[in-house]
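Chain IDs A, B, C and D follow the sequence of writing; residue 1 opens each chain.
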C-alpha cells in the first residue's frame, strides 16, 4: 500500500528500477481533454537520465506509451495508463548491493520491512519511480492550465551554499530551462554547475533547495482541517526521494519575525481581495487565497557516493562499500520537474474537490 | 471534506470554536485497550487555554466525555467518540470579525471558499479544533506504548531567535513540563518566557520551532512511495494551525553538507543494524529504521495581534482592524501536545498498516 | 474501521445501543444549505422505537442535537455533528446476554473478532446505530432535492408471503405513511399488520421486502467500474442490519427472460433519451440514465424471538436461551427510512462526484 | 474515479476493449509470496473468449505479462502490475455503434456522463475490463489459500429456468470445470448448454444465477458497520457487468420464513462454535463466523442480441439497430471466474484488515 496519491484526481504508480517497466494509472481525469504523448514526453525528457554532464550517464529514452483512457486524442474519463519500459539495465553493477546495504539508502529498511528487495538499481526506491509521477503531472498541469490558467514552475535556488535570489512572480520556463542546473539566474547557475562537476570528480555529492511557484491559482483550493492545501503539498514534496524539508511562504525564516512584521495586510484590487505581502505563500487557513503559492523543498546530497563507506552486510557483518554504477552527483536538476508534477497533482486534485463543492467557483 | 486523517487508525474531527462542542471519532482503535478519561484529560490540560501567564486567558475546562467505544474501561474495537462542550463563549468580542477580515487569518479564505463562515472565534479554523486531535493522540500514544514501547515527546527549541540545544535522545517529559514555555532548557526557557511577556504587553506576537522525537519506533513503519513515513508526518504537521515548515532529520541544514558528510554509516549493535549518525532522522526510503525519529515544525507568530492593521471588509472596503479578545501571544507552548498528537496518530496508523503486512514484525 | 461511508459526502457514525449516545459526523456537505433540527427529527421519528403496536415498545425520544457545522440555520461546509443521547437503558434485560450468544445475532462474531463486546442491547450491532444514518440521510435528501429535485421513497412490498403490487412511479409519501407497516396498499397493509401482530403474540418474527424508488435522478451518476451506482447501492443496502439480498431493476426475476424480452429499447421524448421499459432499474453500465431507480432489499425475520432456542455460552457450553426484552417482531416498518437514507447517501455522494467531473451536468 | 477496489489489498484496473491493453495494479500484496505467470494465466484462460462453442468466437490469447512487483519469483511487497495487450480488434464491426446506442448497454450513459466514449467493443464498459480483476483475484486466492487455507469456488446453478441443486460444502473445481457451462451437475449442464445453443442460433441470449462458496474462511472478517463482509461482497458482485441481484445465505427466499424457522442455532464442535443450519451464509452481524460463506449473483441475459431492436442515434433520431460482431449468448460460463475473483478480493482485503487489528487471529 502507499502507491496511490490524490482523492479525485488519483494516481497509482508501479515499477522497479530494473523490472519490466515503470508507469502510472491516472483515475479521475476529466473527459474531453486533448492530450498527446508528446506533451507527456516533454516533461519526461526534463526528468530523464543522461540529459547533461551533471546528471547520471545512464541512458534511458524513457519513451512513454499511453495504453488506455484516450480516444481520438481526447481523454475518455476512464483511467489513463502510461507505460515506460525499462531498457538500459546493467544489473551487474549492482551485484555488491545484493549483499551490502548502501548508507542512507532504502536498502536496509526495505529488507527489514518486506524481508526481500529488488537490489538492482534501488528497485522500487529508485528515483525512476518518479517517471509515473512526472507523466501524470503533465496531465494535471494541462487540466489546471485549461480550466484555471494556473501555471506551475519550479527551479533550483540553492546548491549547497551557492544561492540565487529569484523573483517567483516573474521567473519563466525559458529561464529555468536555459541551463542544465535549472537555476534561473545564469551567473549563479554557472557556479552551481562547477560545484557539481567538482564533487562528481571527487565521487562526492551535493544537495540544495528547489523553490516552486504556482501562479493564477483559483481562490478556494484546500480542504481544512487535515487536507489543508499546504498539508497535501508537504506530503507531496516529502514523498519525493531525497527530500528532508518543506516550507510554505515565509517558512522557517518567518519564525524570526513578530506577528506585526509577518502578517499579510489586505487591500482591494478592484473587486479582488489582495495581500500587500505574501508571507502566507498563497495559502491562509489551508485554503488558497489567489496570491502566488510559493514553497521550497530541501533535497539532501545524493546518498550514492563513489568513496568508501562503512556499512553492514545482509548477513550482519561489518564491512565497507565503494559504490559503482552511474549516479547523479546532485539530484536537484532532474528533481525540478518532479516538484512541479507533485504540486500540479495536489492542485488538480483540490481543483476538482472544490468544483464538487461549488461548481461555479472558477 | 478533509476532516479525517489516517488509513487504519482513522480520526474524524468536528466542531467550531463557538458552536455546541468540539470532538473526534476514532475508528480503528484495537480492542481491549484500557483507557480512562483521565488519560485523555491529562493531554487536553496541556493544550487548554488559560494554563499560564503566557497563554490566552480564555477559560475553558475542556472537560472530555467519552460517549462510545468503551465498555468496562476497555476499548470495544468500535468507534470511540470524545466530546468537549464549549463553555466560555464571549461572542461579543467577535462582532467586528463579522464584517472585517483579520490579516493572515482564515477569515477571508473561508468566506471565499464556502460563501459563509462562523466568524466567532475563528469558527472551524480556530485552534480549538485541535482538541479532537489531542484527545485522539492520547489514545494513539497509548497504543504505541503498549504494543511497541514507543514514546513521543515534543518541546520548544526556539522562540524567535532564542534557541536551545536539546538532546532528543535524553530529553524527558518532566523537563518539558517543568516550565510554562515547554522548553527543556530551564535557562533558555526563562528568556523565552520574558520575550513572550514583552510582546504580549506590546500587543504583538512571536513564533518559533518545536522539535519532536519518537523513541523506540519499530523498524518497518511507512508505506512507499506516497505514504512514506516522513510524507505522512509532513502532512500531519502542516495540517496544524500556524505551521509554515517541516523538517525531518538534518532538514534544510543538511543541504549544506556533501554526501560524504551527510550519509549515516551503518554498524552492528548485537544483531541490530544501527547508524553511526542520524541525519536521516530515523527514516530511510520512507521507512523507519529504528533510530530516533526527529522532526521539527516551524510555527509562525500568532496572526492575532492587538495593534491596528490594514484590512478589508466583507463588503470590499479598505478599513483597519484592531483585534480585541483573548489570544495567545505565542502558540508554541500549547502546540507542543498538538505536535505529539499528530506524530502519534501517524505512527499508530503505520504501526497497524505494517502489522497487516507482517503480523510478526514487532 | 468500517464506520465511514461515502467519498465526497462522507458520514462516520458512532455509538452503542446502551452507551452514552449515538450519532454521526457528516463531512463534505455543501455550504449554505438551510437545515433545521426539525427536518432531521422528522426522519428520526419514522425510525424511532415505540411508534406503533407492531414495533418494539422500547421508549426513546431519539431527540437530536446538532453540535457543529451550522451557523444561523445554514450549513458552513464544515463537518456537521448530530448527537442523540441514549435514555431508556434497561440494562437488566440483557444480563443473560452477557453469558449466552443469541442465535443469528452478532454476539458470537463480535466476541470472536474483538475479544470483547458490549452485550447490552446488541451494542454496536444494534439497529440503534442507524440513527446516525437516518439523520445524515435527511440532509442528503435535502441536498438532492435542492440541487436536482430528486425524490427518494421506500415502502414495504412484502411481509413473508403477503405482497403488494406498487407502482413506483406513482407512489407518494402520504400513502407510505398512511399506515403503521408502511405499505402503500392499505388493504394489503392491514393483512401485514395482522400477520405481524400474530407472530408477536407467538414470540416469533417475520421478514420481507422493501422496495425503494428514486425519481428525478440526474443522468450521469455512478463511477465505473467499481463504484458503479448499483454497486454502491448494493453495499449501502447490505450494510443495514438484517438484510440478506439486493436487487436492482428486474433483479433475480429478470434472469428468467431472454435478452430480447429483457432489453430496454430507447426512444426520444423531446430531446431526452428514454427507455420504453425499465428493467435496468434506472442504471445502465453503472451510470444513472434518468429513469426511476428502483431497487429491493430482502430483510430476514428478526433474529430476536421470545421462544426457547439452542445456543452456546461464552465459556463454550451448550445451553438454551429464551430472550426477554423489548423487540420488533418485524423490522421492516422501521427499516423504511433507513433504506431511504442509505439510497440518499449514495446518490448525494455520486451527485457531488459527478459535479467534480462536469460542473454543468445538472 | 471508481477504478480502484479494496482498502489494504487494493487493485486499480485500466483499459478499454479495443485500446492498447487491459490490466491491473495490485497494491498491498504481502511480500514473499511465490507467484508465477502460469497461475494467473490459468484463471485468465477460464475467462477468455473463444473457449467453447457457447462463448463468443472472438479470439484473444489474453496472455499476461507481470511488469513489476516480482523478484526471483516472489512478491516484493511493491505494486504488482499485470498487463494483457489487446490483439483481435475488428473495429469495423463497431462502426454502427459509433452512431447508435445499443439497448440496455452502457453506450448512452457513458456518452451522457463523459460527453465522449470509445464505441469500439464497448470501450471501458466491455467485460474485457474484468481481465484485470481475474488476474488480481488469482493472487488474492493464493494469499487466502496460503495464509488461511481458504478456498473459493463459483458455479452456475441456473440458466433461465433450468436449475441445479448443488451442495456448496462438497462441490469441487473439477466438477465445475468438467463442462463448458460450469454447472457442477453434468445432466443439468447438458440442458443448459442446449438452451444456450438454441438462443445463440436465434440471435437471442440468456441469463441466470451463479452461486459462490468460500470454505475455511477465518472467523472475524468484516468491519461493521459499513464495511460488513456481506456489504463489500454485494458491492463486489454488483460491480460486475450484467449483474442485477445479490443474495447472502438464505437471501430473498429466507424472507418467507419466520424467525423461529430462520435462526441458526449454535452448538459446540470441540472448542469451535458452529451453527446447526447456515441461513446466515457464514456471516453474522457483518463478520464471518467460520461457516461456509454462500452467496448468489443474478446475471441478466446478455444485452447484445442479433435481432433488430428499436433505439436512438447519437444525434437524437429514432432508429433501429441489428447488432453484429461476436458476442456471448450467455455470460455466465465466463463470469464464474469473475465472481470467484471478486469474492477473493473482498476476503483477502478483510483478511489483512483483521490482521492489523489482531495479528494472532488466524
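We adopt the following convention: a contact is a pair of C-beta atoms (placed from the backbone, for glycine too) under 8 Å apart; a residue touches a chain by one contact, two chains touch by 3 or more.
Computed from a predicted structure; not experimentally measured.
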{"item": "Any chain in contact with chain A as well as chain C", "value": "B, D"}
{"item": "Maximum centroid distance from chain C, chain identifier (CA atoms)", "value": "A"}
{"item": "Cα-centroid distance, chain A relative to chain B, in whole angstrom", "value": "26"}
{"item": "Distance between the centres, which are taken as Cα means, of chain C and chain B, whole angstrom", "value": "38"}
{"item": "Rounded Å distance, chain B centre to chain D centre (Cα mean)", "value": "45"}
{"item": "For chain D, residues contacting two or more additional chains", "value": "1-4, 7-8, 13, 28, 31, 77-78, 113-115, 124, 224, 353, 357-358"}
{"item": "Residues of chain D that touch chain B when the two form their complex", "value": "7-8, 28, 30-31, 77-78, 224, 352-353, 355-360"}
{"item": "Residue numbers on chain C that touch chain D, as the complex places them", "value": "1-5, 7, 13, 101, 103-110, 112-115, 124-125, 129, 158, 160-161, 199, 204-209, 219-220, 222-228, 230-239, 241, 243-252, 254-268, 271, 273, 275-276, 279-281, 283-289, 298-305, 307, 309-312, 316-318, 353-354, 357-358, 361"}
{"item": "Residues of chain D that touch chain A when the two form their complex", "value": "1-4, 8, 10, 12-16, 19-23, 25, 27-28, 31-32, 65-71, 74-81, 83, 113-118, 123-124"}
